[in-house]
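You will see two complexes here that share chain A, one where it goes with chain B and one where it goes with chain C.
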Partner chain A sequence: MGLMRLIGKRLLLIPISLFILVSLSFLLLELMPGNPAITIAGDFASDAEIEKIEESLGLNDPLGARYLSYLGSVVRGDLGRSFFSDQPVLGELRERLPATMELVFLSLIVAAIVGLFLGVLGAYYRGRKVDKATRGTVTLFQSIPDFLMALLLIFFLFYLWSVAPAPVGRLGFSGVSVEPITGFLLVDTLVAGDLNAFVLAGQHLLLPVLALGIVYAAYFGKTARSTMATALDSTQVEFARACGLSEWKVVYYAFLQARTPILTYGAILFGALIGGAAIIETIFSWPGAGSWALTAILSLDIPVIQGFILAAGFVTITVFLLLDVLILLLDPRVRL
Partner chain B sequence: MSETKLLDVRGVVANYDSPRGVVKAVNAVSFSADRKEMVGIVGESGCGKSATIRALLGLIRPPGKVVEGEVLLDGQDLLKMTKKEIRQVRGDKIGFVAQNPFAALNPIYKIHKQFHNVIRAHEGRSSSRSTRKRAVDMLTAVGIPGPERILDGYAHELSGGMAQRVVIALALILDPELIVADEPTTALDVTIQRQILDLLRRKTVDEGRSLLLVTHDLGVVAQYCDRVVVMYAGKVVETGLVSEVFARPAHPYTLGLLQSVPRRGLKVRTLGGRVPSLIDYPPGCAFADRCVFAIDRCREDIPELRPAFPSGRGVREVRCHVNEQEVFADAAVDR
Partner chain C sequence: MSDLGKRTLEILKRFLSVLRSQPAIGVGLTVVLAMLLAGFFLPLPYSPTRPDPLNVLQPPSSLHWFGTDSDGFDVFSRTIAAAARDLPLALIGTFLSALVGVPLGLLASTKGPWSERIMRGLDVFQSFPLVILAIAIVTLMGNRLENVVIAILIVNVPRFMRLVRSEALSLRESRFIEAARAVGATPIRVMRKHMFPNVVGVALAQTSIAAAQAIGIIAALSFLGVGVSPPNPSWGLMIQTGVRSITTGDWWVVVFPGLAVLIAVAAFNLVADGLQMRQENER
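The block that comes next holds the complex of A and B.
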C-alpha cells in the first residue's frame, strides 16, 4: 500500500535530515563569537586558567577532529555534557523536552479551538458585524506579545482573583513528586492514580497554556478565516446547500475542505513553539527545553545548544511526518 | 397549458451590495414553467441568469439580497418561507444540477455517504441500507452501470459524464417536481453533453417534472427546450415558445445572439460592446448602446415587457420600443 511505502521512505529520510541539521548547527556554532572558557572562568581569570579550561573542553582540537568526535558520540547516543552544570545533555533533555511539549501541545489545542471558533464565525458572517468583531479580536490577540499576555494573566488570575496558582514551575512549591514515565505530568499523574497531583499540574498549566493559546489563536483564526471563506464560497458548498443539507452540515462540508491548510499551519506552529515558548517558560519558571536553550545560548554552552537543536529538529520532522500521514488518511484524493 | 403553473416567478428583484454601489443583478424578473416543460434561460455572462435561479432556490448569500417579488412553487411563495422551510424545499421539491460535477460533489466523502446525507437531511434518521438501496435505484435510473461500485468510490474516480449523472441522481433522489440545471453540460465534452441533456429531458417530460435550463448555448435551447427566457442586464428581454422566438426574434438582442451562432449559409455577426454596469443602470434601454435599431426614445425611456407577434402561437413578450416586425425583417435579410 502507498501509505506504508511513504512512511518508510520518510522514516529513512529522518537520519539524513538530522545529519544535515547537526552538521550545519555545528558549523554555525563555530562561527559564533566568544569563548566559552572565558564565560566559564569569569572575566578575571588568568590566561593559564582559561588555557586549562579550553584544554579540558577540547576546544583547542582542530575543527575536523571535534566535528568527527561529536558526530561519533551523537551516533552512540551521547550528546555530551553541559559546560556549566556538567550534567549529561541527554538526561536534561529527557526531563525538559516533555515539559515543553506538554505546554506547547495543550497551548496549540487551546489556540486551535479559540482560533477556529473565531475564524469560522468570521468566515460565515463575512463582511458583517460578527466578522468585524472576530477580526478585531484576532488582531488584538495578535498584537499582544506573549510575555505581556502572560504578565496580564498572572496579574489578574493569580494576583487579583487568585484563580490560578503562582507562576513557579510545573507543580509549584507543593513538594509533590511524580514518578516520570512519559514526562507529561497530566499523563504521569493519572497513571500513578494521584488525582491531587493531576489537579495541581493542571492548575499550573492553566496560565502558561492560556498565554500561549490566546496569542497563537490569532494565527489559527487568520488561517481559518481565509480558508473557510474560500471554502464557503465554493461550488461544493453551494451544491450541498442546494440539496437541502442543514447549515451545520454545510459548514462542516466547508471545513472538510479547509482543514488541510489549518492542520499544516498547526504543525508549523508546533515546530516553531518548541523553542518559541522560551520566554513564557522563563516567566513561569517552567523547567522546559526552550528556556534551557536560551540560557545555554547566552552562556555559550555549546553541547546544550547542539542537543536542543537536534531534539527540536527531531520533534519537528516527526510532527511533519505525522502531518503528512494524517493528510493522506483524511483526503482520499491524495491516496495513490 | 394548465391553470396553475408549477413555477411562477413574479417580479423578483435581487441586489448585491458592493463597495461601488448596489448591483441590480436580478431586476424585476418574471417567468413561469409548467409540468413536462423545459424552459431555457439564456443570456451572456453577467446577465443575471445564475443569480435568478439562485434567488428562487434561496441561495443568494449576503452581501446579496432578494428585495422584492414572489416565487410561487405549487402556489406557495418560496420567498416568504423561513430559512428552515426553504431548506426543506431545496433538494426535496427542487433539485439542483450544478455546472461542474467535480466541483459540486464532496471530494472527501464516498458517493453513498453523499446520498445518505441528502436523504437524512429531509427524512431524518434513515438506515444506511435503505439509503443505499434508493441510491442504487436512482443511479440505475440515470444510466450508471455498476452502481454498487460507484457508491463505494469517490467523485474523483469518475469520468465527467458519470460524475454529472451522479449529480443528477443526487438532485433527483427525493423526487423533486422542479429541476434547476445551471449550465449542466458546459464542463462536459460534446458527446456526453447530448447524453446528459437527453437524460434530463426524459426525467422532465416522462416523469411530469419541470426543468429550468440555464445556458448560453442557443443550440441546446433550440434542440431541447419548449420555451425560452432571454435575459439581458438583469432583465427579461424576450420570452416565448422556442420555435417562435428562434423563427421570429422580436428583440434586437435575441437577434444578435442568434446571428452570432455560426450556421451554414448564414453570415456570422458579432455583438459589439459590453453589458452595461449593473450599478449605474442606464436611463433608457440597457441594450441601446449595442443596438443597431436604437432610436432616441431607447436612451431616455426604459421599455416595459409588451406582447409581440400577437398572431403567433403561445404567449410572446418583448422588452423593446422598436416594432418587432422591423427586427424580424432584418433577420430575414440573412436568409
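The block that comes next holds the complex of A and C.
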C-alpha cells in the first residue's frame, strides 16, 4: 500500500519539475547575450535585414508575452521550429532521441559489467596486488577523455585490424533502411526479421559503445569498490562466513547490500550521458540528440536547444522515478 | 621565530608527512609541476604557432620528434606549449571554484528551509551534462578565455557546495561544535574556526578531482573549437586536427596531445586518490 502512495507522490512531482525545467530553459537562454538574428543573417548583413529576421522570429516582443506563448505551445506539444532547418523540433527529437538512447543504454551495460567486475575484484582483494592492478586500471580509464578513447579505437579496430566498420553513422553507406518502430535499430531489425541489418547495426554500435562503456566503467568501478569494501566488512558478511557459506555466496550477499548506491550511480550516469555522448556522436556521425544539440548550441538555434533541454530533463526525471521504484522494490528498508 | 614562520613550518612538516604516507600525491604533484615548467620554459625546436607548409603529416623522426600535422605544425612543440595554456586555465578555474564553493557549502549547511531549497535547485542544475553546460556557457557568453574559467566555475561550485555541506551537516552534530556553541561562539566563528579545518581534507581531494575534470572539459571545449583561438596550441584543438588523419592511419597527430591530456588528468587523479586514501585511513 505504502508503495503505491509513494509512487503516486512521485508521479505528481513530474509536472511540477517539468514546469520548472521549461521556465528555466526559457529564462536562461533569454538572459544569455548573443543574438541569433545576427548569426542567421551572417556577418555581412545590414541592420535592416537583421531587424527583419528579429521581427520574424518574434524576438522583439516583450519577455512576458514570449514566455506565455512559449509555455502555451509547449503544453500543446509544439516545441517550435529550428531557426535554421525550419524542421519541427518535436519531429526531429522523435527521430534522434532513440538513436542516443540506444547508444547510451548499451554503453551503460558495458560500463556496468566492466566496472562492477573491476570494483568487486578490487574490494575482495583489498590492499593486495589485484586491488592495486584494478585501481590502476580504473584510474587509467578515468583519465582518458571519451573522444580520445573513440579515436584510439577507430585507429586500432577500424584502420589497423578492420574489425569494425568506418565511423559513419548507424548503418554506414550500406543503403540498408529499417522501418522505425521503436527507433532502437537492434530491436527494429529483429522485429522486421532482417538479420543482415541487425548485424550491420550491431557492428556500427561496437566502437561508440566500447568508447563510452570503457570510459564510464571507471565510475562504476570506483563506486563498486568502495561500497563493496564496506559491505564485505559488515557483520552480516562475517556471519555468513561463520555459517560456512561458500565464498561465492558471501560475495553475492555483500553485493545485495551494495547494489542500491551502484544503481543510483547508474541512473545519474544515464542522465549525464544523454548530452555527454554528444562528442562521441559527432565523431561517429551518429544521428543522435546530443550532436544535434551541440550543433544547435554552436549556432544559437534556440528552439532546438530548448527542445533538447526539455527532452533530456524529461528522460532524467523518468529514469530517476524508475530508480526510486526499483530501489523500493529491492530494499524494503527504504519503505519504513 | 615569528608566529607566521612557525605556522608555515608546521604546515610544511605536515605536508611532508602526508607525502611519506601517500607517495601517490607526491608523484602526481611532481608530474603536474614538470608539465607546467616544461610548458613555460622548455626551449622548443620549432615555433608552436607558425606552420611549415612544406612538411605536412610527417611521421615522427629525428627532425620532428612527434611528427607534424596536416597543416605542417610541429606536434612536439605544440604539445609542450599547450601545457602553458591548458594547465593554468584548469588550475585557476578549480581554485576559484573551491574558493567560492567551500564557504557557500558551509553557509548552506545551516538548518532551515532555505538551505534545503537551494540544494534541490542545485540538483536540477547538476543533472545537466557537464560538458554540454560548459559549451553552452562559453558559446553564449562569447568565445573568450575568461569565459572558459567561468564555465569551469559554474560547473564546479555546486559540487563543492554539496560535498562541503554534507560533511558539515554531519559535523554539526558532533560534541565539539555543540561545546563551541555553548560557550557562545557566533555562527560565523563556528564555521571558520571549528568546521572549516575539518572539511579542508575532502575539499582538497575534490579540488584535485575537479582539476582533472577541468582538463577534460577544456580539452573537449577546444576539441569543438570553443574557447580557443587558433593557431594558439591547445591539446583538444590538436586532437581535433588529427581526427581527419586517424582514419587514414596517421596516428601521431592525435596520440601525442592525447597522451598529454591523459598524463595530466591521471596526475590529478593520483593526487585525489592519495588524499582520499588518507581521509579513509584517518577515520
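In this section, the second predicted complex is superposed on the first by the 335 of 336 C-alpha atoms of A that agree within 3 Å, B and C clash if a C-alpha of one lies under 4 Å from a C-alpha of the other, contacts with A are read in each partner's own complex, and residues count from 1 in each chain.
As a convention for this text, contacts are C-beta pairs under 8 Å (C-beta built on N, C-alpha and C of every residue); 3 or more make two chains touch, one makes a residue touch a chain.
It should be emphasised that the depicted structure is a prediction, and the values quoted were computed from it without experimental measurement.
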item: Overlay on chain A: chain C relative to chain B, clash or fit; value: fit
item: Chain B versus chain C as contact partner of A:S73, first or second or both or neither; value: neither
item: Chain B or chain C, by number of chain A residues touched; value: C
item: Which superposed partner A:S56 touches (first chain B, second chain C, both, neither); value: neither
item: Chain B versus chain C as contact partner of A:N196, first or second or both or neither; value: neither
item: Partner chain in contact with A:A242 - chain B first, chain C second, else both or neither; value: first
item: First (chain B), second (chain C), both or neither touched by A:S143; value: second
item: Which superposed partner A:S85 touches (first chain B, second chain C, both, neither); value: neither
item: Per-pair minimum CA distance [chain C against chain B, superposed on A] in Å; value: 9
item: On chain A, the residue positions that both chain B and chain C contact, one per complex; value: none
item: Interfacial residue positions of chain A with respect to chain B in the complex; value: 126-128, 234-236, 238-247, 249, 253, 256-257, 330-333
item: Residues of chain C defined as touching chain A within the complex; value: 124, 127-132, 135-136, 139-142, 212, 216, 219-220, 223-224, 226, 239, 242-243, 246-249, 251, 254-255, 258, 261-262, 265-266, 269-270, 273
item: Parts of chain A lying in touch with chain C, wherever the complex brings them together; value: 17, 20-21, 24, 29, 32-34, 135, 139-140, 142-145, 147-148, 151-152, 154-155, 158-160, 166-167, 268, 271-276, 278-279, 282-283, 290, 293-294, 297-298, 300, 305, 309, 312-313, 316
item: Residues of chain B defined as touching chain A within the complex; value: 57, 59, 62-63, 83, 87-92, 94, 96, 98-100, 103-109, 117-118, 121-122, 154, 156, 167, 170-171, 174
